[in-house]
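In this document, chain identifiers A, B, C, D and E correspond to the written order of the chains, with residue numbering beginning at 1 in each.
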Amino acid sequence: MRGAPRSRRPPPGSRRPEPPSGPDGPAADAAGPVPAAPGVPELRVTGLTVRFAGLTALDDVSFTVRPGSVHAVIGPNGAGKSTCFNVLSGVYRATSGSVRLGGHELTGLPPHRIAGLGVARTFQNLALPPYATVSDTLMLGRHRLTRAGFLAAGLRLPSAAREEARHGARVREIAAFTGLEPYLDHPAGALPYGLQKLVELGRALCTEPRLLLLDEPVAGMTSAARRRTAALVAGIRDSLGISIVLVEHDMGVVMRLADEVTVLDFGRRIAGGAPEAVQRDPEVVRAYLGEAAPEDGGAPAAGRGHR
Amino acid sequence: MTAASLRVEGVTAGYGPVRALVDVSVDVPDGAVVAVLGGNGAGKSTLLRAVSRTLAFHGGALRGGSVSFGGRRLDGLAAAELVAAGVVQVPEGRQVFARMTVADNLRAGALGARGGARGRARGGERDRAWGGARARAHRRAAALARVHGLFPVLRQRAQQRAGLLSGGEQQMLALGRALMAEPRLLLLDEPTLGLAPMAAARIADTIREINAQGTSVLLVEQNAAVALKLASSAYVLETGRVALAGPAAELAVSDEVRRRYLGVVDETAAQDAESVSTSLPRLGRWPA
Amino acid sequence: SGKANDDDAAEGDGGGSELRVGDGVTATTVPLGVLTDMTGVYATLGKSVTQAQQLYFDRFNADGGVCGRTVELTVRDHGYDPQKAVSAYTELEPEVLGFPQFIGSPYVAAVKDRIDGQDKGLVIPQAWSATLLGSENIRQIGATYDVEMINAVDFLVREGAVGKGDRIGHVYFEGDYGENALAGSEYAAEAAGLTVVGKKIKATDQDMTAQVTSLAKAEVSAVLMSAGPRQSASLAGVAAASGLDVPIVGSNPTFAPQLLETAAGPALLKNFHVSTSTLPIGSPEPGPAELAAAYGKEYPGELLDTGVIAGWSAADLFGEALQRACKAKNLTRGGVTEALLSIDSMDTGFGITHDFSDPAEPSTRESLILRPDAEAKGGMVVAEEAFTATAAADYAVGGAEG
Amino acid sequence: MSEPLTAPRRAPRRYALPAAAGAGLLVALALPFYLDRFWLQAGLFAMAAAIGAIGLNLLTGATGQLSLGHAFFLAVGAYGYCALAGGDEEGLTGLGLPTAVAAAGAVLLAGLAGGLLSPIAGRLSGAYLGIATLALIFIGQHLLFNADDLTGGYNGRAVPPLELFGYRFDDSEDVLLNVPFGAAEKLWYVGLALLVAGALFARGVLRGRPGRAMNALRDHRIAAGVMGVPVARLRAGVFVLSSMYAGLAGVLLALVFQRTVPEYFGFVLSLEYLAMIVVGGLGSVAGAVLGAAFVSLLPQVFMRYSESLPLVSATGDGGVAPGEASRYLYGAAVVAVVLFLPGGLARLAPRRRTPEKKEPSDAEDAIQTQTSAHRA
Amino acid sequence: MTTFVELLIGGLSTGSVYALIALGFVVIFKATEVVNFAHASLLLAGGYVAARLSGHIGFWPALAVGIAGAATVGALVEFLVIRRYRGGEHSVLAIATIGVDIVLLTEFTRLIGTDVLTLGDPWGDAVLTFGSVTVPQTRIAALAAAALLITAFLLAFRYTSWGVAMRAAAENREAAALMGVRLGRVSLSAWAVAGALAAVAALFLTVFPTPGLERSTSFAAFKAFPAAIIGGLDSTAGALAGGLIVGVTEAMATGYQAELSFLGRGLGDVAPYLVMLLVLLARPAGLFGTRELTRV
């Protein structure tokens, strides 16, 4: 069963892993594979180069993410995957190259403008507030969708209260979807690692993104939790129809979720295409997967979750 | 009792009102690799912190039970003294010294090495200290060479600030840094987290190698497949209690462990799962 | 309610023969407030002044007090903090007849409107800036800083240290002390055909090397100082060491006896003078000598500095006003103020006669010139007896610029 | 998951607090009928301090931007009011605006001054920002001493009394219920109103959308940006808001002092405000208010009762002077709170009924923002 | 010689004293990430002990005892306050040092009282003359001491285990403890060293051309803030550079007061802060400081 379901948009759930414990209403099976939601643009990265003092972290990388697809970026440690995310989300400036989301050029925009265009991300090393509750943390995701400023909030104008209620309801909806509902009142920083990763994901979802960047969403999770999270990601794609770029070392998850894979090594794109093809690509095997030496589980992460 | 076995007996620990470990006992015989498995929040990291005396840094405390290493009680020592006793932990989340260079991180790792800089070089022991200094320098050079051999990238990046390394590179640095202290017992908290398959395999090899050179290892790992292969025995924690324990090989074939930690879905269970959950989770779109 | 008016009946309604009292004055005591700084930047001054005043009123009471009452001092140490100073004033004001001491001219200025408006209590500030002149209730004793400097310039001219066309340096503190002094020196310089080279510094500046360098560069023939003792010591020391061998004349607060033991001691002895309106405490005259003896007895080991004289003189003035008010059967605030206005020639025993009849005028325009002397008590002796420079006599104190 | 985590953590004192706040407010309203001018003035200083401290807590506590320059904005408020409301007397320049307009103008002016600093406030953080703002103190002092025709120089400038709807808040005595009402009594109600309004506003800000963004900025700048928070703009915005609070505090202080003196607005004042928010509790409105009451009342109490304190001698003949004793205690209190009461006094307040409860400024006691969970 | 050169030399000579004070800040900041507002009181502690003793036991022994005394005070502050802090926020701890400063400053000003304490140092009021510029010998000594100490600390931080331990502890206490760094000792030693440095700085603040130790001696610490920031709070070489820049700026602003009169009088105090702001606008971490590093 290695290589899991490859057919594009299989009948919902057929070979998908078990869903999270969240609500799964009957409505679910009515909807078939959802195409890209309207308004979800294409992401086109061309010739992206990022240099740090004496180090080229990304070297002329190009790839395209089709609207509504899951695009995996994989590669060895230090290949430049997170750097790529950092450029996409405006944290780093590209040395050269372009990133276009639909009609917008992203390079050069500050992070909050990019977020305003509907790009959300999670962080490889958790970036959660230490004391704020999960519910506040998720509400932060609503920042770009809400308006209340100092005056409205300070004077408690009815408009601010209405906005708060409306978005609070959506936050609870998303919390239920991600399985975070029981923890809404807990400080996010004191949750176990796995749940913190989910909070990250939930917070990104709360921005109602059109493009979701996930940096190692299942790292540090038990395999059961990995399956649930993978299902969650698939669920996001299928129910929202947004594009997802996924960085992940767990090849099982990558193979299961990705529609297309881009492989980086030392900042260069060394392969790309459909997951199976990439997985067999000798260059990728050499640089990343390793000659699977079954004796000692050479590539242990690969194949986790389904063999 | 052998010289360097770790015994954790009936340990209870928690953070403020939160109880994270309840009456946990774990044994790491000299020279063994022992794995600890468990879900997120099961208390694995807390167990390691209880051993390495770093609970206080997280607002936690040991509430009962005892920890001893080589017959010596550890639960009265400061974290730093443990290093001198030969117990070294690679903490969860790497925690490299972000603003120091990679080389300085490795130097920091050697600070508390047994018979290291502190401790001996005092008072009337000047002669020995001088002699010791040379020996120490040698050993440190050897340790550094070994770490560089294991992780060549750390040599290439010696002058880069550690905070700028990629996640995986930092993980390598964290492990390398711990090895600089030449531990007798290494506590590893998810050492393969965030590592690419090949790098994870290399870590596994490294652990095996370190172990072969006489260092015992207490390994906390999500990657149960790797952990159970490396370990001679294993414990499974669930909500702060030991749920299962036994030789690794036995655990590896137990259904419970296979399903929950190895991600092996046996056929009937898979069928069950799929029939129960015929759908993906769904979330409505946000209007406007 | 708690503080409802229940018609304070303390005040007699003043038939000619009956003593009118008010504002905290009881049958046995006359309460006075002391707003001082014993923990802040003027702690040195505050301590000496307060102790001298306590000494004065102890004697005053021993000599029978006033109108059969003894004077009681309530001391509040505001540490030179505006909030505490204003609070302390607010606290004591309803309970005391007046304030023989109020350190911190900005704080005096802060409550000036209240003093002149409703409170009307007599306040003697320990500051000699001309900006405080003009109020009936706020009275300084001694020449103002500008007058001191005019006399100082006159002294330099007469000594032949400076002549027409020369330049004269003036190192002064930011704030009304320094600026008031500068107004004086500029006025005097113009009269004498000199140019003033001003150097403004702050109380926190301790090292006068830069100032000396640039004064030397400007080739000044003498230097005026309106700063603190540390600055004088530094200036004199650096000037001497770097060969700027010119006389230095400082305002009253620029000297402290402790300085003579520092590295700058010899330089101070050689070139330093102070222009002031009291005799030094080391003077053999009866006034200072008695005070020095009494103070030394009461506070053995304490330093005899200018604060002792300033405190004593202010207390003396207040005491005199109280006696006169008593005689006029009016021991109220108004009575004390009135009494003070009637004092037009008071010899406090410190070399100068004061006239308090005009609130817009300093009590004197005379200055003495003192010079350091390591042998003398308090470290200073008289170099020139009291005089008024012609320029000082013509000078409109406080100036047009206020 | 270990079980206690799922236990409910809502404290069961939701109803008690508004009631307590109401009671506190009533007491506060009655106080001018009982307290003498000294205490009213002390209370007014505390109220002004509380307003300023709320502003600083928005900036430093909730947004994590250390500021040592708060005193500067207080000065802008105080002098701004004088210059806008004052006439051309004493050789000073003044616009002679109606005092209420001048007060609002002064607050805006302080905000503007904060805005001018945004190129620096938006870029720096931590100790660097703290010391950069220290520059404001020195620049402020320099301006106050040099711009004499606006500030009156060293001896400061008289403060025109506030006049609202023809009613003057000055020392002319009105008698109310047989109690003479001077400036302190009248201003008391102004101060109270400003404090309550300021506190409620700040609480709204902290609990609402801006507050979340501010906390996010404090906790993780990059993550906040990526979530759509305009980092530089928000930093600058909070700086402006905080400066406006400081400006308002400055106006109130000026009214209470009746004369503004430049020396007041120095480094020590800035430090006192920092001490207030730390002692009270970082990031919360209640913390700022409690801390302000503590820091500004302590020395007053000490000075007032210095004679009756053991080991303290009034005239400094050898023993510890009251001023010194109060400074020892103040310093030690700051240290003690940091060490033993992380979270500040605000942590104690809801649980225990301290005598301080009677203080008028505690009308806002009920305010427990979510951010007070910040563990300092 | 031109005025400019004179002012420059004068400024460098005062700047060297500022550099010494700034170095103390930097050491504590490097070791604990805490901005030490109590540094002013450490200055007084060192100066007080040395000055009180110098009359009895002579200058050099008194200086040694003064340095030891200030080191002890620093160590005590660490032991009684810094070490007890359980939270993780450096700015809160910085505020605790404000409390410490208030207590210590009150105590030492009370002890010093109205005295002006002198040290009886070997330099006296001797000066060196370069052309028309005079520089007190004490200032030459200060410059030498600053350069020497700063070089020593630069090397110590970079090359000794102590330096590595200190940097590690400052950055991540838990990880440092796991590397065997004894946090208590490291931070204790940093504070002791800072105290000792403060005593050295106090020495040069007390000798000619200032008359002696007095309660206001500690105000000099205000010049060290911009000095430390201009150089970069975590850079020992920066402390020297910053101190000298502040000294020179101050001297220039004072010397050219007449030419700069449109900026108001008494510019000397503000000018260093203005320079600091300019430096910060261009380099947010000072001239030699390490930039804040966050990567995600």
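The working rule: a residue touches a chain if its C-beta (ideal position, glycine included) is under 8 Å from a C-beta of that chain, and two chains touch if they have at least 3 such contacts.
Just so it is clear, the structure is predicted and the values come from calculations on it, not from any experiment.
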item	value
Separate pieces, if any, that appear once chain D is removed in thought	one piece
Longest centre-to-centre distance from chain A, chain (CA-based)	C
Two chains sharing the most contacts, counting C-beta pairs only	A-B
Cα-centroid distance, chain C relative to chain E, in whole angstrom	37
Where chain D and chain E are represented by their mean Cα positions, the distance between them in whole Å	31
For chain B paired with chain D, centre-to-centre distance based on mean C-alpha positions, whole Å	49
Cα-centroid distance, chain A relative to chain C, in whole angstrom	76
Junction residues of chain C - those touching two or more other chains	39, 47, 174
In chain B, residues with contacts to at least two other chains	18, 41, 164
Chain E: positions in contact with at least two other chains	106, 110, 222, 265-266, 269, 294-296
Chain C residues touching chain D - in the complex, by the definition given at the top	1-5, 38-40, 47, 50-51, 54, 75-79, 81-84, 86-88, 90-91, 94, 105-107, 109-114, 117-118, 131, 174-176, 179, 299, 401-402
Contacting residues of chain B [partner chain E, same complex]	52, 54, 57, 78-84, 88-89, 91, 95-100, 104, 107-109, 111-113, 116-118, 161, 163-164, 177-178, 181
Chain E residues within the chain C interface of the complex	3, 6-7, 10-11, 13-14, 106, 109-110, 113-116, 118, 124-127, 129, 132-136, 139, 205, 207-212, 214-217, 219-220, 222, 250-251, 254-255, 257, 265-266, 268-269
For the chain D and chain E complex, residues of the former touching the latter	60, 66, 119-120, 123-128, 130-132, 134-135, 138-139, 141-143, 145-147, 221-223, 267, 271, 274-275, 278, 282, 320-321, 324, 327-328, 330-335, 338-339, 342, 375-376
Residues on chain A engaged by chain B in the complex (per definition of touch)	12-20, 22-25, 27-29, 31, 37, 52, 55, 75-80, 82-83, 124-126, 145, 170, 173-174, 177, 190-195, 205, 208, 216, 219-227, 231-232, 234-236, 238-241, 249, 251-252, 288-290, 293, 296-302, 304-307
